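Take a look at the structures below.
In what comes next, subunit A is part of two complexes: it sits with subunit B in the first one and with subunit C in the second one.
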Partner chain A sequence: MTTDDVVLAPRRRPGTPLTWVRGGGLSALVFALPLLVIFGVFSWLPIVRAVVMSFQKTNLITTSWVGLQNFQNVFADPLLPVATRNTLWFALLALVFGYPIPLVAAVLMREVRRAKGLYSALAYLPVVVPPVVAVLLWKFFYDPRPEGVFNTILGWVGVPPQPWLQSMTMAMPSLVLEATWAAAGGTVVIYLAALTAVPPELYDAAEVDGAGVWRKVWHVLVPQLRGVLFITLILQVIGTAQVFLEPYLFTGGGPANATVTILLLIYRYAFGNSLGGNYGEATALSLLLAVFLAVMSLVYFRLTRRWSTS
Partner chain B sequence: MTTTSPIPPTTPRPVLGTVPGEVPVIPGAEPVGAARARRARKASSSDTTDDRSAVSVSDWRRPSVRWSLGTSHWLLLVLLVVWCVGPLLLLAKFAVTPTQDILRTPMAIFPNGIAWSNLSEAWNDVQVSKYFANTIVLAAGAWFSQILVATTGGYLLSVLRPRYARVLQGAVLATLFVPAVVLLVPLYLTVLDTPVFHTSLVNSFWGVWLPAGASAFNVVLVQRFFDNLPREVFEAARVDGAGPYRLFWSIVLPMSKPILGVVSIFAVIASWKDFLWPLLVLRNPDLQPLSVRLPSIEATTDKGVLMAALAISTLIPIVLFLVFQRMFLRGAGLGGAVKG
Partner chain C sequence: MRSSRTTALAMAGVLSLGLLAACSTDDEPSGGESADGTVTITVAGLQPGAETEAVDALNERVAEFEAANPDINVEPEEYNWLASTFSAQLAGGTLPNVFEIPLTDAKTLIENGQLADISEQFDSLSFADDFNENLLESGTGSDGKVYAIPAKSIYGVALHYNRNLFEQAGLDPDQPPTTWEEVREYAKTIHDATGVAGYATMALDNAGGWQLAAAANSRGGVIQEQDGDAYTATLDDPAVKEHLEWLHALRFEDNSILPRTDLGWGEINEAFAGGQLAMYTSGSDVYNALVENNGMTEDWGYGLTAIPTSNGGGALTGGTLAAVTQESTDAQKDAAVKWIDFWYLSKMLDQDQAVADAKLRNENDQAVGTPVLPIFSEEQYATSLEWVKDYINVPLENMKGYTDVMFTQPSIGEISASTQDTYALLFPVVQAVLTDENADIDALLETANAQGQALLDQ
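Moving on to the complex of A and B:
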C-alpha cells in the first residue's frame, strides 16, 4: 500500500496554482465535491448542530441559549425512566429470543449436505420483507379476538385466546417476537460465515486426538466463534437501543405506556406536538443515547481490531 | 493490512430506518474473496472434502450421527418453512381471500372462494400504483446519490489520494460512530432550511435522495475495494495517456462491478424499507412511498384490500432477493467479517 503511494499520489510540489492544477489538484477536487457537499450538509453539519442544539431552545424563528435546561427537563420527565426500562426490557427480550436460537440453527445448517442454499435462503427471507409490511401483518396476527390468527393456532392446542398487544405484560414480548422474526435471518447468516471461516486443520487435529462430534463442536467450534458471538451481542444492543418502528406502529407506546421506548420519546418531543416541536429536548435526549451507543461501538471497534490482527 | 479488516457496523445511515434488532449488514466483497467464493461454490457443488465442517465424512458413516443429524436437519427445515415462510404464505393467501373469510376463519383455506378483486382494488382504488411508483422513484434516486458519492469518494481516497485525503477519510469514518438517532432532529431542521440556498426540501424527493448519499459505510466499502485493485493497470493506463477522469470511468468503474452490485442492491432495499425519514420529509400523501402510506390507510381500508396492498409492497424486495440471493447472503455474511 505504501509503495503505491509514490506512484499514484499527485506530485506534491509546493508552487503556483498552475502546478497545482497540473499535478491533478483540480481534478481531485472535482472528485471530492460530491462527498464534501453531501457529507458536509447532511452529516457533519447536523452532527455539530446536534451538540449545539441540545443547549438551545428554538421555535425555528428565534433561538436562544438555555444552558443545561434541556437536559434538566429531559431528566425531570417522568416518562424517561419508563422509556429506559422498556428499552432495556426490549433489549433483554430480544437477546433471549434472538441470540441462542440462530446460533443453534447456524451450527446445524453448517452440517447440511444437500440443498445448503435452501436453508440459508429460507432463514434470510424475512429480513428482506419491508419492516412496515411485517409489522402490519403481525398486527393482524395478534388480533385479540378468538378468531385471530395466533389465537386460532393456540385454540388448536387448547390454549385460551390471548390479548397480545392489548395487555401490558404481553405487549412488549409480542413486539420482540415480530422483531426477532424480522432480524434473526441476518444473525444466522453472520454465524454461518464465521463457521465457514473456522480453519479445517483444527477439526483434523481434534480428530487425531480422538474427539467425537460433540467435543469438536464444544472444543473447536464454540471457542472459534467467541469473537463473532460478542460482536453480534453488541450489534444487537446497539440496534435494540434504537427501536422505534415496532412500538410506533404496533401500539403507539401503549397500553398505558408499556411500550414507550427512548426513540419514541425523542420522536414525541420533536414531532409529536402539532404546535411545534421541542427540538432542544429531543436532541439532548438523543445525545445522551448516542454517548451510550458510542461507548458500545468503541468497545466493539477495539475488540474487532484485536481479533482481526491476532 | 488484511483485506477483511472489520468496519464498525453501527452504519448510522442518515436515513432513519431503524429496525430494532436488525443486524446492520456489512457486505465487503473484494476481488480475491469473490474468486475464492466462486471456487468454494464450485467445490461444494461437486461435494468434495474441501468444505470441511465439524462433522467429518467418517462421522457421517456412524449410524447414530447419521440418524440424529438427519432428523434434526429435517426438523430444522420444517421449522424454517413454518416460522420464516409461513407468515408470508399467509400474507399471500390473505391477499386473495374475501375480507369476511379473513376476519372469521383466517386459517381456513379459501372456504368461500378466491377474491382476485382484492389485488385490483388495492392497485387502483387505494392508489397503491401511485405509491408504488413513488417508492421506485425514491429508491432510484437514493441509489444514484449513494453510488455517486461512494464511487467518486472512494476513487479520491483510494486512487487519487490528495494531501487532504487522510483528514477527509477520518471525517468520513468518524460519522460511523455517530448513531442515526443523533441526526434525526438536526437533519430534519437542515432539510427544512438548507444552508446557503435557504430552501426547504420538505415535500420534495430531494429531501430523501440527498441525505441517503451520506453513507460512510458505502464510501469505506468502495474504497476498500478500490484499494485491492491492481495498481499496475492504473499505471499502464496512465502511461497510455489516461487522465484521472478517463481512469475513473473506463478502468476503475468497469473493474468494480461486484462491489457496485452489492452497494446497489443494499441501497435499493434500504430505501424500500425506510419509514421514519420519508415520513418526516414527505408530508404530502401524493409523494409518500408505500412504507409511509400503508400504516395511514390501515384503519380505513378493507382487510382483504390491505393485505393485497401489503403483498404488492413485498413483491419487489422478495423478487430481488430470489434473483440476487448469493449477493445478499454473501454481503450479509461478511457482516461478521471478522476473523473469528
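Moving on to the complex of A and C:
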C-alpha cells in the first residue's frame, strides 16, 4: 500500500467516478463481487422468484398469472387453521420443555468441578447425530407395541404401553421430546460460552454475601445472560415456527393431521401431488410465514430493547 | 505490494466472472451422444435398497442389451415412484430418460406436455397392435399419439398373508379367508394365539387412501362417479363407511390390527416380511418387491389370496406405464423405446428373451412367475408362463386363492379425476379411525367428500 492511498481515503470528495475509483471504490466492489454473486444467485434470487411465483399458477413448465388467487386459496384451506394450531402447540411445548432445559443443564455443568469437557461432549452429542438417523432411532424407541423400547421401560414401573406417535394427543409431545433432545446441545454450548463471560468476581462476591446456588443463579447469572437469553428465545420461536423435519419423518403429519405443521403444509402443496405441485400456493404460504416471522421479530426486538443489555 | 494487490484484484474479478458464467450458462443438452455415435440413456432401475442379487441380475441384463445394441449405453438409476419425489424430479428435470408412472397419472402428464411423443418409435415395435387396448389407451394423448407404453406389471389388489402365523394360530393356510368378516375372525384368532397383529393397513400418505378405495371397491362401492365429463365425489359411499367401521372394530374391539398409522407401501412390506403382521392388502405383484427389497424366500411361508368381495364388488386394478422424458433427443427416444421393449416387454412375447430373463432372475434368487394381470392377451400370458416354467421359483401353490380367480374376479379401475388428491383426503380419515376410539366416521367422510367435490369442480 502506498502513502497516497492512506492520504486519499479520508479526504474523499463527493463527486466524480474517477475519485471513487481512486478512492478504492472499484477494488472494494470487485472484491465484494464474488460474495454478491453467490448471495444474489443462491439467496436473493430464489426469494424474488418465490415472491413472483406466489402470484402465478405454475407447474414450472406452463405458467400463468393469477393475482391473489393463491393467497385466497391458502386462506380458504381448512388445513391452514389446523396447521397453525399444531405449529403453535409445537412452539409452546418446545418453549416449555426446550427453553429452560439447556439453561439448567449449562448452569449445572458450570457448577461441576471435574470432567467438564465430558459433560459438554455428552450434551452436544445428539447435535452431531444426523437428524434422519436420530429420527429413525427414536421411531424405534416409540414402537407402540408392548415390546417397544419406551414401552418396555414403562412396563418395568407398571405403566401400560403407550401409543406414542400413533395417538392424536401424544404424537406432538413425542415429537417435541425428540426435538428437544436433538437441539438442546447446541443451546447448551451457547449458554456455556456466555457463562464464561460472567465475571467470576460477581459470583465470588455473591458467595461471600452468603448467597445459595439458586440466588447466585437468579441474581448473578440470569441478569448477565439476559442478552443471550433474548436472542435464543427469538431464535427458538423462529425455529419452531418452521418445524418440518420431525413431523415429516416421524408421522407424515398424522395421525389424522394431528402433526401437520405450516411447513409440512407448504411441502404438501408443493410436492403432495405427483402431477406437478401447487408451487403458487406453496410460495404464497411461505411468504405469509416469512412476513409474519419478520414482523414478530421486529416487535420482539422493539419490546425487549430496553431490557436487553446490548 | 502493488503487484500483489493487482493480482488479488484480478483474481477476484476472474472469480466473479467465473461465477457469473457458471450461473448463467445453461447445461448444454448433450443429448447423451458422444463423438463415436454412442447414445447414452438413463433408465429407471431397481428400488433403493435392493438386494445385491437383484442388482447383479439387472446389470447382466443391461450388459446383454448393450451387447445386442453396441451403439447404446444404458445407465440404470435407482427409482422409486412416490407422489412427493416424482413431481420434484419431473420439475427439476432429474428423472431418468426412461421412467415409470402409474396408469392414472398418464393422461394429465400428457396434457401438461410433460411426456415425450414416442409414437414413431412405438409404431416400429412388431407387437404394437397386440396390446390390451384399454391399457394402451391410457398412455395415448387426445391427439392419438402414444406417450407412454404399458410396462412392468398390471396388478389387482389382493390379500397377502403369513402362512406360518396361520398355522401357529391353528388356522388352515390353504383355506384363507374369503369374506371381510372372516378376515376379522382370522385376525383375532391369530392375535389371540400368537400376540402378533392379525391385520394391518397402509395409512400413511396417499397409499392409505388408495387402500381404503380398494377396500371400498371390494365391498361394492366407488369413491367417484363419472357421467361424461362430469365427476361426482362419493367418498361417503356406504362401502367406505362399512370398511372404516370394520377397521375401527379391529382396532378398538378386537385389538387385532397393528396399531400403526405410519405404514406406507414400503413400510408395510417391511413390517410383513419382519413378521409383525399376518395379513394386509396390496398389489398382487408385491411378492417381487418382498424378494427384491426384503429378502423374502420361497420357503418363507408367503400366501396370496383374492381380496374378499361382496355386493358386486371387485379388485381394484392399477398398473405401470413406461414413459420417456420430454428433454430426450430423437436418438435417445429410439434407444429408450428399444430398452422398454427389451426390459419390460420382450419377456412377455419372445421365448428366448423370456427364458434368458427368467434364468438370470432365478440364478440371482429373484422372483419368477409372480401372478400379474396380462398386458397383452390372457393366452399370451399363459404361453409366456409356459416358456419359463422351469425357472418359476415363487410358491405358486400358496397363491392359488388368487390365481384361481384372477381372471374371473371383476376388476375395477382407479378413479380418473384428481386421483392422488382424492387419496390424500382419505388417508387422514383412516388414521383418525385407527387412533380415535370416538371418531365420528360420518362427519369425517362428509367433510372429506365436500373437499373431494370441490377438487373436481375446480
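Rule of thumb we're sticking to: the second predicted complex is superposed on the first by the 247 of 310 C-alpha atoms of A that agree within 3 Å, B and C clash if a C-alpha of one lies under 4 Å from a C-alpha of the other, contacts with A are read in each partner's own complex, and residues count from 1 in each chain.
Criterion: a contact is a pair of C-beta atoms (placed from the backbone, for glycine too) under 8 Å apart; a residue touches a chain by one contact, two chains touch by 3 or more.
The shown structure was predicted, so the numbers you read here are calculated from the model rather than taken from an experiment.
A.B. asks: Which partner does A:G254 contact after superposing on A: first (subunit B), second (subunit C), both, neither?
C.D. replies: second
A.B. asks: In the overlaid three-chain picture, which partner chain does A:N70 touch, first (subunit B) or second (subunit C), both, or neither?
C.D. replies: neither
A.B. asks: Is the number of subunit A residues in contact higher for subunit B or for subunit C?
C.D. replies: Higher number of touched subunit A residues: B.
A.B. asks: Looking at A:L225 after the superposition, I want to know if it touches subunit B, subunit C, both of them or none. Which is it: first, second, both, neither?
C.D. replies: first
A.B. asks: Of the partners subunit B and subunit C, which touch A:Q56 in the superposed model: first, second, both, neither?
C.D. replies: neither
A.B. asks: Scan A:N273 for contacts with subunit B and subunit C and give back first, second, both or neither.
C.D. replies: second
A.B. asks: Is A:F39 in contact with subunit B, with subunit C, with both, or with neither (first, second, both, neither)?
C.D. replies: Touch partner of A:F39: subunit B, not subunit C.
A.B. asks: Examine A:Y300 and indicate which partner it touches, taking first as subunit B and second as subunit C; both and neither are also allowed.
C.D. replies: First partner only, subunit B.
A.B. asks: With the two complexes superposed on chain A, say which partner A:A123 touches: subunit B (first), subunit C (second), both, or neither.
C.D. replies: Touch status of A:A123: first partner only.
A.B. asks: Pick one for A:L165: touches subunit B only (first), subunit C only (second), both, or neither.
C.D. replies: Only subunit C is touched by A:L165; subunit B is not.
A.B. asks: List the residues of subunit A that touch subunit B in one complex and subunit C in the other.
C.D. replies: 1, 27, 31, 33-34, 38, 41, 60, 139, 267, 270-271, 277, 279
A.B. asks: Using the touch definition up top, name the residues of subunit C that touch subunit A in the complex.
C.D. replies: Residues of subunit C touching subunit A: 1-2, 5, 8-9, 12-13, 15-16, 19-20, 23, 81-88, 90-91, 101-102, 105, 108-109, 112-114, 203-206, 259-262, 264, 276, 420-421, 424, 427-429, 431-432, 434-436, 439, 447, 451.
A.B. asks: Which subunit A residues qualify as touching subunit C in the complex?
C.D. replies: 1-2, 27, 30-31, 33-34, 37-38, 41, 59-62, 78, 139, 144-145, 163, 165-168, 250-252, 254-257, 267-268, 270-277, 279
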